[in-house]
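Two complexes come next, and they have one chain in common, subunit A, joined by subunit B in the first and subunit C in the second.
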Partner chain A sequence: MKKYWTIFKIALANTAAYRAHAVIWVLFDILLLGAMPFILLNIYDQQGAIGSLTREQIISYYFTMVIFTNLVWMRGEYEASREIRDGRVSNYLVMPFSYIVARFLHEVAWQIVRSAIFIIPFCIFLIFGHQFLITPSMQSILFSPLILLGSAIILFLIGYIVALTAFWIEENSASLALLYLISALVSGYYLPISLYPSWLLHVTRLLPWQYAVFEPIQMLTSKSYPVAVLLLQQLCWIGLLYIVYRIVWHFGVKKYSAIGR
Partner chain B sequence: MLFRANFVTGMIIQFGWICAYLLLIHILFLHTNNIVGWSKRDMFLLGGIWLAVSDLLEATVATALLKIPEYVRYGTLDHILTRPVDSQFIISFWRFDFMRSLMLLADLGIIAYALSIESVSLNLTMVVAPLLIINGAVIGYAMSIALQSLAFWFVKVDNLWALFNGILDVAKYPLDIFGKVVKLITLTAVPLALMIMLPAQALLGRASWLLIGYSFCVSAVFLFLSRRFYQFAVRRYSSVA
Partner chain C sequence: MWARSLTHRVSIISYRAGELVEILFLIVMWTALYHDQALIGGYTLPEMITYVLIGNLVTIVTRNFLSDFMAHEIRDGTLSIFVVKPLTYFRYAMTREFGRVSLPFVFSLVTQVLLIAVFFKHLVAFSSFAHILLFVLMVVLAFVIELLIAYLVGTIAFWTDEVDGIYTTISRLKRFISGGYFPLSLLPIVYVKISLALPFAYSFFVPTQLYLGKISIREGLIGIGVQCIWIMLLYLFICLVWRRGTRRYEGVGI
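Take a look at the complex of A and B:
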């Protein structure tokens, strides 16, 4: 455990040097979602309703999504792909710790720095906009750390598995771009999934993003929610993704070769 | 074309993003028939123009401008500054993205499709619309190089392009949703409305000639200011060699 704690401390120190970097990513995430709540509120004001969403649910949904993006949603796949492509992963293969755990700790460090920066706009909105937000149930609040951890692990594993395609594809930026496209569409990032047509809902139910992003946000923006069911669903997806990762890693390392490292 | 499979896959992914955006608009219009007076056709048109301006920037200058923080950090700007050519010209235009230039054809296809959905009465402002799209890209270039020049102060900022893309991303929706104050900002300090909405309005015959003239003046001012800012930023540069 001590070696992982050391890895985490080093990652945190390195990440803290990129504070300006983190500020830009925080602003980017806020801007990316900046327009959609206004569009939905405009439709709500016109029609008196949009799907089954109320005004407070719309505002709470996007506020929680921005928190989620900054606190939970890890995007370490680019760095992992680069390490495999550049041969730097060789260093990790001979070291006495797990590469996936080391990468996860790097991403946790990055999320901590981002969250520290995000605190300021978060507090500003809480001060001026708290009356528009829905308070979740006590059960949801109590289980939220566990659910958010489950979400982080699911999103990390998905990104990591796609990053491992770098073992076979030298320039795998297209794989990563495909990941972002699919995740943006089926996670509820731009629009709540509840607004989707039924054929698309069938697709999202079969994929892990709904249980990593949309359902936790629903949990945090509803008065009551079946938390135990979500926890079980997340555990199932973590198990499945972990098995996929082990298989991909096993064949990837066999294929891997690096010269001069 | 060094990585041909990646080129082809990249094109497919770009088409995927276009389809995803159109799908989102389609989903929104399952619940309404207009957004601040913009119909589904108008939104497709706005999206097509946003894509055209983005791809025009990506094809010509964006890939090159991305490198400015790297040049500053590793001191490789020396090789550019010592050449007998304006450094801003080299930094801005040294790389052309062929794939994004092909995507421009798809964007024009979306614009044509949007115009074909409902009839639009012919008007003179339609003639100016292509110039306004190019003008939008010029304003985007001025904003982009000004932002990237911040790398001369904040050295570890490889993702300044993300800030510009985030700002531009807001413009693919009608900016009237934000209210008067933000609308005023998008017509002056951050002229997103002139970059994207105005060409769409010109094609729909809803743009005034005063605003069209104003947008060309704004691009000239922004180009001038961004040039001065870039030159001011370069004076801060010190080589590592």
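Take a look at the complex of A and C:
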């Protein structure tokens, strides 16, 4: 455990040195997600409703999404990809600790720095916009740390698995960009999934992002929600993604030739 | 240049797939939002679909990958070659980029033309030839502005070597500010005025407004004036940033 604690402290120090990146990520999320309610409320004012969403639900949804992306949504796939491409992953293959755990700790450190930057805009919104927010149930509040941890692990595993394509594809930045786009579309990042046409809803139900992003946000913006069901769904996806990771890692390491080292 | 580009076929396919998915998603999203509604923010559904397709056509024409390549050259130390040669990196990068974007441009154009053909019945025709001429001129100037912005973004690599995630974020931010996800006129007026004062709106929102005839010739000419001013400002800013960046440059990797 001590070795992982050391890795975490080093990762935190490194991440704090790149805090300008965190500022840009936070700014992007706030700008985009801050503008989306205006668009939907514009539509809401004209037709009185959007699907089954009320005005408060729309604002709560995007506010919670901003918190979610800054606290939970890890985006470490670029760094993991680069480590494989540059040959730096060789260090981890010969050392007595797990690369995936080390990467996860790096991402946790990154999220801590990002959350620290996000605190100020978060407090500003709470002061001026708290009347628009929906208070979730006590059960949802109590289980939220567990659910958010489950979300973080699912999103981390998805990004990590795509990053491992660097074992086979030298220029996998396009794959990462495609992942970024698909995850934003099917997770409800731009628009609540409940507004999608029914055929698209069937597609999103088969993918992990709904249970990592949209459903936890529904849990936090609803008066009542079946939390135990969501927890079980997340555990199933974590198990499945972990199996996929093990298979991809096994074949990837066999292919790996440590170019650059 | 084409032969070099074709060695990364998976990248080409992935990027084209991403473009297609994004455009189709936007059309699906707007169709869902127009479910019981004839007008949203003054746009009918055909106008909104036209906005998405024509806007993305403009994005394809004005797109480049200069910042990525610059970042690699700064990080790898390859830039050192240009420091000692009698050839300015700026001219070299701009000239090279014309060749580099040509292949992705051809592939994307084919994808976009196919999409336009599929949705042809839902498209709105352009308003007048004067609007179209201004539209073409605005797109040409937007291409120059995009090159200059990419060059500026590429210089970030002088100060940090962790640029991959940042470039993707900046690219998404630019798409948002340019009206790539939704017409900027749906936002409060103060956001629209700020957006029109910045160069990004002229790479998506304003050209499509010209195409749809939602702004007058006079407003289009003002927009072109704003673009010319931004081209000069960006060039001056690049000279300043480049001078400071090359002072920091260490040629690590060479």
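Here is the rule we go by: the second predicted complex is superposed on the first by the 259 of 261 C-alpha atoms of A that agree within 3 Å, B and C clash if a C-alpha of one lies under 4 Å from a C-alpha of the other, contacts with A are read in each partner's own complex, and residues count from 1 in each chain.
What we mean here is this: contacts are C-beta pairs under 8 Å (C-beta built on N, C-alpha and C of every residue); 3 or more make two chains touch, one makes a residue touch a chain.
What you are looking at is a predicted structure, and each value in this text was computed from that prediction instead of being measured.
Undergrad: Quick check on the subunit A-based superposition: subunit B and subunit C, clash or fit?
TA: Because the two structures are overlaid on the shared chain, the partners are seen to clash.
Undergrad: With the two complexes superposed on chain A, say which partner A:146 touches: subunit B (first), subunit C (second), both, or neither.
TA: Neither partner.
Undergrad: Return first, second, both or neither, reflecting whether A:34 touches subunit B, subunit C, both chains, or no partner chain.
TA: Touch partner of A:34: subunit B, not subunit C.
Undergrad: Is A:243 touching anything from subunit B or subunit C once the two structures are fitted on A? First, second, both or neither.
TA: After superposing on A, A:243 lies clear of both subunit B and subunit C.
Undergrad: So, does A:196 touch the first partner subunit B, the second partner subunit C, both, or neither?
TA: It touches subunit B and subunit C both.
Undergrad: Taking the superposition on A as described, I'd like to know which of subunit B and subunit C A:126 touches: first, second, both or neither.
TA: Neither: A:126 stays clear of subunit B and subunit C.
Undergrad: Touch check for A:78: first (subunit B), second (subunit C), both, or neither?
TA: The answer is second: A:78 touches subunit C but not subunit B.
Undergrad: On the A-aligned overlay, A:177 touches which partner chain: subunit B = first, subunit C = second, or both, or neither?
TA: Both: A:177 reaches subunit B and subunit C.
Undergrad: Does any part of subunit A touch subunit B in one structure and subunit C in the other, and if so which residues?
TA: 18, 20-21, 24-25, 27-28, 31-32, 35, 38-39, 42-43, 46-47, 50, 169-171, 173-175, 177-178, 181, 185, 190-191, 195-197, 200
Undergrad: Residue numbers of subunit A touching subunit B in their complex, please.
TA: 17-18, 20-21, 24-25, 27-32, 34-36, 38-39, 42-43, 46-47, 50-51, 169-171, 173-175, 177-178, 181, 184-185, 190-191, 195-197, 200
Undergrad: Across the complex, what residues on subunit B touch subunit A?
TA: Touching subunit A: residues 3, 5-6, 9-10, 12-13, 16-17, 20, 23-24, 27-28, 30-32, 34-36, 154, 156-160, 162-163, 165-167, 169-170, 172-173, 177-178 of subunit B.
Undergrad: Please output the residues of subunit C touching subunit A within their complex, sorted ascending.
TA: Per the touch definition, subunit C meets subunit A at residues 8, 10-15, 17-18, 21-22, 25, 28-29, 31-33, 36-37, 39-41, 68, 160, 162, 164-166, 168-170, 172-173, 176-177, 181-182, 186-188, 191.
Undergrad: Considering only the defined contacts, which subunit A positions touch subunit C in the complex?
TA: For subunit A paired with subunit C, touching residues are 18, 20-21, 24-25, 27-28, 31-32, 35, 38-39, 42-43, 46-47, 50, 75, 78-79, 81-82, 169-178, 180-182, 185, 190-191, 195-197, 200.
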